[in-house]
Amino acid sequence: MIPGTFEYHAPSTVDEAIRLLGEYRDEAKLLAGGHSLLPMMKLRFAEPGHLIDLNRVQALKGIREQGGMIHIGAMTTENELIASELLRKKCPLIPEAARLIADPQVRNCGTIGGDIAHGDPGNDHPAIMLATEASFVLRGRGGERVVPADGFFLGTYSTELKADEILTEIRVASVPAGTGYAYCKLKRKTGDFATAAAAVQLQLDGKTCKKIVIALTNAGPTALKAKEAAAVLTGKTVDDKLIEQAAQKAMAICDPAEDLRGDREYKTHMAGEMTRRAIRQALARAQGK
Amino acid sequence: MATTAEAVEREQKLQGVGCSRRRKEDARFIQGKGTYVDDIKLPGMLFGSIVRSPYAHARIKSINKAKALAVPGVVAVLTADDLKPVNLHWMPTLGGDVQAVLADKKVCFQMQEVAMVLATDRYAAADGVAQVEVEYDELPAIVDPHKSMAPGAPVIREDIADKKEVGHGPRTHPNHIFTWEAGDKAGTDAVFANAPVTVREEILNPRVHPCPMETCGCVASFDKVAGQLTVYLTSQAPHLVRTVVAMLSGIPESKIRLVGGDIGGGFGNKVPVYPGYVVAIVASIVTGVPIKWIESRIENLSTTGFARDYHGIGELAADKDGRIQALRFTALADHGAFNSHVSATKFPAGLFSICTGSYAIPKAYCRVDAVYTNKAPGGVAYRCSLRVTEAVYLIERMIDILAQKLNIDKAEIRRRNFVKAEQFPYTTALGWTLDSGNYRAALDKVLKAVNYEALRKEQAEKRARGELMGIGISTFTEIVGAGPNKACDILGISLFDSCDIRVNPTGSAIARLGTMSQGQGHATTYAQIIATELGLSSDEIQIEEGDTDKAPYGAGTWGSRSTPVGGAAAAVAARKVKAKAQKIAAHLLEVAEGDLEWDVDRFKVKGNPSQAKTMKEIAMAAHTSNIPDGMEKGLDGSEYYDPPNMTYPFGAYLCVVDIDRFTGETKVRRFYALDDCGTRINPMIIEGQIHGGLTEAYAVAMGQQLVFDSGGNILSNSLMDYFVPTAVETPKWETDYTVTPSPHHPIGAKGVAESPHVGGIPCFSNAVVDAFAHLGVTHMDMPHSAFNVWKTIHKLGLDKHA
Amino acid sequence: MLVKLEKTFPIDAPADVAWSLLQDIQSVAACMPGAQITERVDDRHYQGQVGVRMGPASVTFKGTIEVQSVDATQRQLRLVGKGADTAGTSSASMDLTASIRSTADGKAELTGLSEVTVNGKLVSFGGRLMGQVSDQILTQFGENFAQRVLAQGQGATAQQAAASVAAQPREINALAFLWRVVVGFFKSLFGGKKPRSAG
Amino acid sequence: MAKKPISFMLNGRKVETLVEPRELLIHVIREQLNQTGSHIGCETSHCGACTVDLNGRSVKSCTVLAVQAEGGTVLTVEGLPKNGTLHPLQEAFTQEHGLQCGYCTPGMLVRAYRFLQENPNPTEEQIRFGMSGNLCRCTGYMNIVKAVQSAAKKMQAAGGK
């Protein structure tokens, strides 16, 4: 459990990081929290020649509000998300999910940007990003582009992010008062990835569901947006029958990989069950219960 | 026993038996000043790292060291060929087999030791390991023990293919290790043939691992000039290891020093001798410099000291009222690639024959067939005496199954079958003599404490609503304290244990024992035993163990032996000291010995209490000329204790679980544990041991399993997939006790640390199965993970949403 | 671990043309994504290697290919490839049965039946994704083969096919999938985060 | 690979050493700086035995590169006592029997130290959640939770810290 040798770079600006990335290309890996990359390097599966540590790039940290949007620096840690008053008020789904990631120590290192850019369907933020309809700021030598979370995740460990680009910022709209939200995650124990999880954000108009977004974690090659499940509920007065229909729609799009957490059948059923629970909890919150 | 208030006060000052004395060990641990093996740093020390087989079964075609030797910092690469000249490429196991120290032409399990790279530090060693090129020819692997003895099955152990016996009895197949049986087969079969009721169930004890927080490791240091070998080792039995090392190396045992130091938990993982130790020792003898070898966690879970893997079949015969008439248990034991499990010579299946449990069963028969598979070798006693968890799990599950078949309450059927208090000492159908017990009283106390009737009522209501609530009961009897020397030996060495007490002139004392603490608090509790016996303050009694140059020979700490054997040795040694002290007191007080009576910390003249000599005064006198003529100076005593019998701690546990019928998650709502370990030496430490044992039982029952695929690749060898619960998952424990002293132990103590593990596991399983009992479910194999429990739920269609 | 797969690919050429190509082991091997014949021992035995790049990690399996059987009447070929990665920590073998069947429209179809066995570190840490990887490999084999057959013909389509054959990557062209194998292991192993994947 | 000079504060003392970029903080603290209180239990950031305080945050030092500590402040169990007197948590772990083999204890103490700064007056459930990055095989956690609770009370009474 000893990593191979590499050269270490600790840039202090994004430009410098991008320059290094351009210089070393395939030989380089970006280091954020390191809790996935370093173990992989210890097992000598990953042996990058150059490690570019983003932890000293101040510009990638911090959470601020700007014109109704919340801007989250990619290197903001899970615990910083949890501690953020701003997020708790204006986008509570993010800190709720962050609390369910890894353990206290790992949350001090793990970053939202690393979690997203990794493109691991087992990570929690991708589904949260889909549910909050976030967008990502990607910067490369060619400049900066902003892409929506929906469509960013192409496959397992495959995203829109180009080899010479860095995810610098996450942008989410602050949610209107009365927005319901929930992240329900089934895991074997603290620190485990989700067997299955569901993220829900919804708005009510009186009794009817004006808008709802549902996204699933670890139920397929990427985080999945359950569009048909949402369609079942949109514009309707949500009741158990509709929730059950939505859950069935969500299960229909699941394509999980079998592992020790469970087989495909179990994981698919759990994705459905987490969906039911997340919808119910989000609904209750929207109703101020 | 002190009578007057003044005497009681003096007694309390001693902090002897029965007091929750704070631990002497803690001071160094809370300040980071413990000395664990990886903390040892010697001048010129090299670091050893092991090259391991990626395959479960393969021939080694070639090993190329060249690239590894070219790595900066790499000093040497050792293979089986390098150990051959000293004939140490194979080693004897404690199970009567041999085990490859470094793979000799063939590997028989994934991660088997193939070579060791020696380098100046662990980084260079790791670089070296990555550069050793080994060519393999893969062979078909046997993973399922049920297929081991199939005709034409691949021969795993070609090295012993024509060996008639390994450890015990004739072998019937190249992959067969031994068949062991106990009891009256014909008589038992006859009862089954005519019994009004019989039940049968296939019950698995999955392959698990003790997984102590500290992995295994050693630092071997051979002084060529002095011819002295010193080994710092994570060992629960340093003296036995020293003997093995002497036998292997030919170095006089007097020139070998084993130092236990602080052990970061053992739970059975640290009893055997592992190849890594042997290679490190040989490497140090060859190079003349100290060698450190420390396992990674992945190596620990993959190679050293797994437990269980018993594939059992339980059968009970009973009358219509559920009174058990006969028991028939068999097990297929998967011992992996080498029979390196730790067992007393006469007990190849450990103490499996304790499987009649707490019940008066007239006829019984049990049989264990052990086989080789292409999995890691071992079969250690994970927080129990060997195979006792397997045995107790079987009987505690089977009696529930019988209760369900007869529709008798699970507490009531136990009452009907208990060995009664007046029947002790009770000899079981399989030959064990249970020393003492009061099973009924223990169970009734628990049922009252938790209001059992109310729980069953609540369960009935919940069942009516389609909710899953389970109540598990376990009324177990443990067997610990190996053991009576006529019956118990390892490598021919009897399983006694020892204590050597020396009282200093000023009345402080040092006691050295052959056991080895791994967190049980021996330095605290042994001092309490001696304090009460000698009337000296436990704070002034120093306890030493683990350094074979200082401590007298003993078999170490496993199978809860420390209190039953080591503790007994301490008490008896103290009594020898006390006997001499009485002579000196009589001399000083100019009375006959018979005129003296003991009073907490002094001998006083009967009828004239003012005339007395305290033990401190006697200690000083013992070192002066003022002692009886012809008496030798000093106040020492030592004892090599041969226990007349095992001790039989018991308990009554009750567990309440609520199961989520949509996810399969099991929530332990309540766990009430009553333990009877006889005389209680330190209640604080006893409770701590029970909390820990219950938590390990919870881990085994609810999640732990070493999983392999069909090719023998291990899939659960890190702490992501091998379940060790955190503070969040771990239930809260309620503890209680009764005291039924052991009649044969000097102070009536029995040992406790393993009871909660042995008794806890079936209690969790009984609770989980009980949640489905009304639906006809009789058994569910461990681990009761959400996924596994859900499979039962889903099959029964309980997870439907209205 | 063992993964069994069966796939059928339409081939835009007569069965005989396809069959003749199928008997050319060098070309058949070349259709294996990332595979190369490094030495021809005899007409039934070859030395070869398969390079698999997985994001930051890359594994090269070196080994042998043995032609088990060539059945002209059935137009069926059976190959067994066995190899170990150069680090010696994992092994893979593929038992491939490829057969050509002519279809109603006078064209042909290739049926590939493969049994992939993987052992070692790769399985312990990422085996659960072997299914997807093997699937990807066989799919590309089929597609490459179909292209090669086409390339043997004349005209624009042939040239197009020839071009795509030439463009065929020397390494397995399935980063996203193969990346999962290795990364999959630490996903199953380790919590926490990591910045960007090379996916 | 060329070694880099690094320097950071370790338990209030400035330390300087040479490390390869790949060297892990736990190895440097234990083997180069001889502070062996912090232990290695799993190497995959699950067990928490290697927990140290880095720049005011609990981290698992088996998964932090030593070079990342450059210019930082590190606290290990050896740094808990203040001018000769044990930290209330150290006292409490003994008082409540919150340790057995002692192997996880330094990581537990250092994590608990930071946890009580984050939450000086925690409930039992908060303690269990806050300590969930540290594994113990001996105690079953109950007495560890008690120890953290009683230390919190003592520290509150003494006015925090």
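The letters A, B, C and D name the chains in turn, as written, and every chain counts its residues from 1.
Keep in mind that, in the parts below, a residue touches a chain if its C-beta (ideal position, glycine included) is under 8 Å from a C-beta of that chain, and two chains touch if they have at least 3 such contacts.
This structure is a prediction, so every number in the text was calculated from the model and none was measured.
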item: A-D or A-B - the one linked by more C-beta pairs in contact; value: A-D
item: Closest chain to global C-alpha mean, per-chain Cα centroids; value: B
item: Euclidean distance of C-alpha centroids - chain A vs chain B, Å; value: 44
item: Separation of mean Cα positions, chain D and chain A [Å, integer]; value: 29
item: Chain C and chain D, separation of their C-alpha mean positions in angstrom; value: 51
item: Geometric centre distance via CA averages, chain C-chain A, whole Å; value: 34
item: Residues of chain C whose C-beta touches two or more other chains; value: 87, 121, 188-192
item: Chain D: positions in contact with at least two other chains; value: 20, 22, 43-46, 63, 129, 131-133
item: Shared-contact residues (touching 2 or more other chains) in chain A; value: 1-2, 4-5, 34-35, 39, 44, 102-103, 106, 109, 190-192, 260
item: Chain A contact footprint on chain D (complex, rising order); value: 1, 4, 20-22, 43-46, 48, 51, 57-60, 63-65, 67-68, 70, 111, 115, 129-133
item: Chain B partner contacts - residues on chain A that touch it in the complex; value: 1-2, 4-5, 44, 103, 186, 188-192, 195, 240, 244, 247, 260-263, 265-266, 269-270, 273, 276
item: Residue ranges of chain B touching chain A (in the complex, touch as defined); value: 122-123, 125-127, 130, 296, 298, 662-663, 665, 703, 707, 715-716, 720-721, 723, 725-726, 728-729, 785-787, 790-791, 794, 799, 801-802
item: Touch list for chain D against partner chain B, complex; value: 20, 22-23, 27, 30-31, 34-44, 46-47, 49, 76-78, 80-81, 86, 90, 93-95, 97, 99-106, 109, 127-129, 131-145
item: Residues of chain B that touch chain C when the two form their complex; value: 54-56, 110, 130, 132-136, 138, 709-715, 717-718, 720-721
